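Below are structures written as structure tokens.
Both complexes below contain subunit A, partnered by subunit B and then by subunit C.
Then we have the complex of A and B:
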């Protein structure tokens, strides 16, 4: 059942206009990234590599949010799930299948982006190392976390609000990484309050290994595993919350 | 008596409206849908038909009272493998083709992969979808979506077919075809339960009916009994019996109840000739409007001011 739902979701997601359009825009942005290298005046190829890797994150998250919010909310608003949930299918399987299908589509999208980005860097003579692939894998995990965030916000609110909340979560998620440095200056109850706030949002800076990868700075295998496991835990938590919300939802 | 296919016993349901208001959609609804029957669920817009159906399909929850499906309390989602459901104004994923979608929903209904191709071919034939199997549903008109909606509802040969306003958006040719398909499903042994406010459809297809209004079942029973309750119409010539009315062609007509039939015929005046003896046909449409108005005094009638075009 989960595989069936995931398969249909994958097909629906990869054929959606927003998915294809954002991939095309990514390709265009990668081609234009060389301009950033030219105007930087320094080591143009490194700047280009940095831009290409950052674009994978930005466009990956945009695809996750656009596809994620449209997929689930349209199910509820357009009532497409009436014909699905009226079948012998528990709602938790529906949510898990939906997420897995979306995740598979996003992983394919990320793989295509990474391949295109690395190919472009190689053609333009920018430094290409195996660490770029590691950075790409961590970015893919960041995108999957954002897909789970979008699924969760979508189940709780309208598509427009969910999109805004997802982008806010993305911004906060990258800001959370700088909180430990800020905590030195906090006193009394401010510090636990700050820790509590930080724990409510996934720390997306943990998946950012792009700068280091461009400069071929190595990362330990254990560190990669920890970061991926951190992402997996957040995904599991967010999907569980979505299941609870969808189970209680009146359709 | 066989176990009813579906039963509602004192079911009530309310949902949250604006702010703290609760809207009572159903108030003690009780229904019995016999096995292998064709059950018409009649009601005006907003009467509670779709809410009752959504409760049955597990799309709404939190009701009071007892809903039983195939004799078992509602709640076990596995029982839904024996249900087919066509929602009101069905929507489908835009980017899946007809063939892909039908296979997807058949799989979700628990059909084995080996049985699916033959099952799909059957519904393609029944609903003329064979040539459209590679077309994406976003290009479908309302009527075509309705055809696909019925196809997905019957593809797994359900025991109970629940159809919410199945004829909505169909042209006369497809209305007739839908009725044929529904009759075939019934001949296969399926129970039909469908909601409608178009009474001629109910008359054509159903043997049982229930009328719901403002979340309350006003009446239910066998359609034959309802039709059988209409008066007998006797047309004759010659000497008139008591209570007969003259017709323009010089004949007369008298109406009486079925229970008076023998006595009335035995006491006709000498020389009276019977020309025709028929049961007067009930206009189901008029009966329905009268029934609902009798309970609530609202609905179809225009306000006086609206009729005259002035202030009332």
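Then we have the complex of A and C:
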């Protein structure tokens, strides 16, 4: 049953306008990224690579948020949710199926973005290394975490509010990565308080290997595994919270 | 009427799109292009900038950099980059950029140019370059920039030759290819010719030689550098003994053996004779050693001559002579077939030291040398 729901969600997500339009917009932005290189007065390869890799992250998160927040809401609006839930189907299976379908669609989108970005870099003469693919994989994990965040916020609030909260979570998730460098400004109880709040947010900077990859700086396999495991833990937690909320929700 | 009502929104949309596109395009009128200037009113601390970059530090740093080009125009024109609230705009700007992407070399080079060459704050400029070397330890351009700052601004070669030598040695060690190392060695060797009388650089060259493949181009280069330093040292020592002899006797020495007078040696070396000075023990007496190339030293009018060093200098001059040959051949449209023909065509052939003769091998002038009477000095190998 989970597979059926995931399959349907995958088809729905990949056919949604927001998914396709954001991918198209990503392709246009990638094409324009070379302009930054031209303006810089350098050979522009590094700048183009930086922009392309960042675009994958930004557009990936936008796709995750736009698609993730609309999935359940569209089911309610189209009243298909009631058809599904009227069957002897545990709600956790519905949530897990939804997430897996969304995750599969996002992974496909990320793979397409990465392939397009690397192809463009190769065509424009920028040095292409395998580290870019590793960075792309970590970015995909970042997007999956954001998809779980969007699913969770959607379960807790309205789609519009969930979108805003997701983007705020994305900003916070990256900001907490810089917090250790600013902690010396804090004194007394402020420090543990800050650490406590920061620990409640997924540290998305762990998936930011993009800049190092552009400079072909290697990353250890163990480090990649740790980062992926960190993402997987957050996804599991957020999906579980979503399941708990949805089980208690009066639909 | 209904048809008109249906078409009206399409027509209005088409008109609006056309108008807006034209409006946008008008900003790109080539006649209206002007250098954009702006103030940078927002320069957060590097830590804050990293936080605000939301995980896109590399891309944000490049966009900030590109955006700041207009700021450069303004500040470079005024030669003043003070910013509101105190501090220097360039310092803060490059501080942010290098924190956001510490592995992007152009940031450091631009910082060195703008802060050092233009704003004349060379201490800050050097600081940025050295910070760059921490992140990019093999970046040749950064090493070169740092060396230029130390040489021209801080006059390290003149005031602190030992520190400059140490810096150049670090640079050479950081280079990854033999060709790049040799560029630094050229600088180091040229500096030693200008600044050193002794053998200050010799241990470094010995260490380099120990790591090179015997017979390789780089090994040959290092050996030449070592022999040059050794022979300069020997010539300086013998010349000092010759001058000392002249002072004591009122005339220049007629024979080299006269330099070995015990009084002169005791005066020059009150404690001990240096190990690499051109002397050796022969039948329990101090005798002159050959030069590092294997030739006996010569004496002419009180001046000490190393035939091996003269040969080395003649070899170094040869590339200039070959350039002259090539340009004359290019102008006349034909290559000389013999050395005499080359000389007749206008090629200046410097007089060679004894034992050398020019040969023309195809289109290249070469020098044929007789073998040295003794083996050249052995050079240390690990």
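Keep in mind that, in the parts below, the second predicted complex is superposed on the first by the 247 of 251 C-alpha atoms of A that agree within 3 Å, B and C clash if a C-alpha of one lies under 4 Å from a C-alpha of the other, contacts with A are read in each partner's own complex, and residues count from 1 in each chain.
Throughout what follows, a residue touches a chain if its C-beta (ideal position, glycine included) is under 8 Å from a C-beta of that chain, and two chains touch if they have at least 3 such contacts.
These figures come from a predicted structure and were not determined experimentally.
*Asks:* In the overlay, answer first, second, both or neither for which of subunit B and subunit C A:174 touches.
*Replies:* second
*Asks:* On the A-aligned overlay, A:214 touches which partner chain: subunit B = first, subunit C = second, or both, or neither?
*Replies:* It touches subunit C, and subunit B stays clear.
*Asks:* Scan A:78 for contacts with subunit B and subunit C and give back first, second, both or neither.
*Replies:* first
*Asks:* Subunit B or subunit C: which reaches more residues on subunit A?
*Replies:* Here the partner covering more residues of subunit A is C.
*Asks:* For A:127, select first, second, both or neither according to whether it touches subunit B, subunit C, the two together, or no partner.
*Replies:* A:127: touches no partner chain.
*Asks:* Which partner chains sit in contact with A:39 here, subunit B, subunit C, both or neither? Use first/second/both/neither.
*Replies:* In the superposition, A:39 contacts subunit C only.
*Asks:* In the complex formed with subunit A, which residues of subunit B make contact?
*Replies:* 15, 54, 57-62, 77-81, 83, 85, 87, 89-96, 100-101, 104-105, 107-110, 149, 152
*Asks:* Going by the contact rule at the top, pick out the subunit A residues touching subunit C in the complex.
*Replies:* 36, 39-40, 42, 46-47, 50-51, 53-55, 57-58, 142, 170-171, 173-175, 177-179, 181-182, 204-205, 207-208, 210-212, 214-215, 217
*Asks:* Write out the stretch or stretches of subunit C touching subunit A in their complex.
*Replies:* Listed in rising order, the residues are 47-48, 50-63, 65-66, 69, 101, 103-104, 106.
*Asks:* Help me check something: in the complex, which residues belonging to subunit A touch subunit B?
*Replies:* Counting only subunit A, the residues touching subunit B are 1, 4-5, 7-8, 11-12, 15-16, 78-80, 82-90, 250-251.
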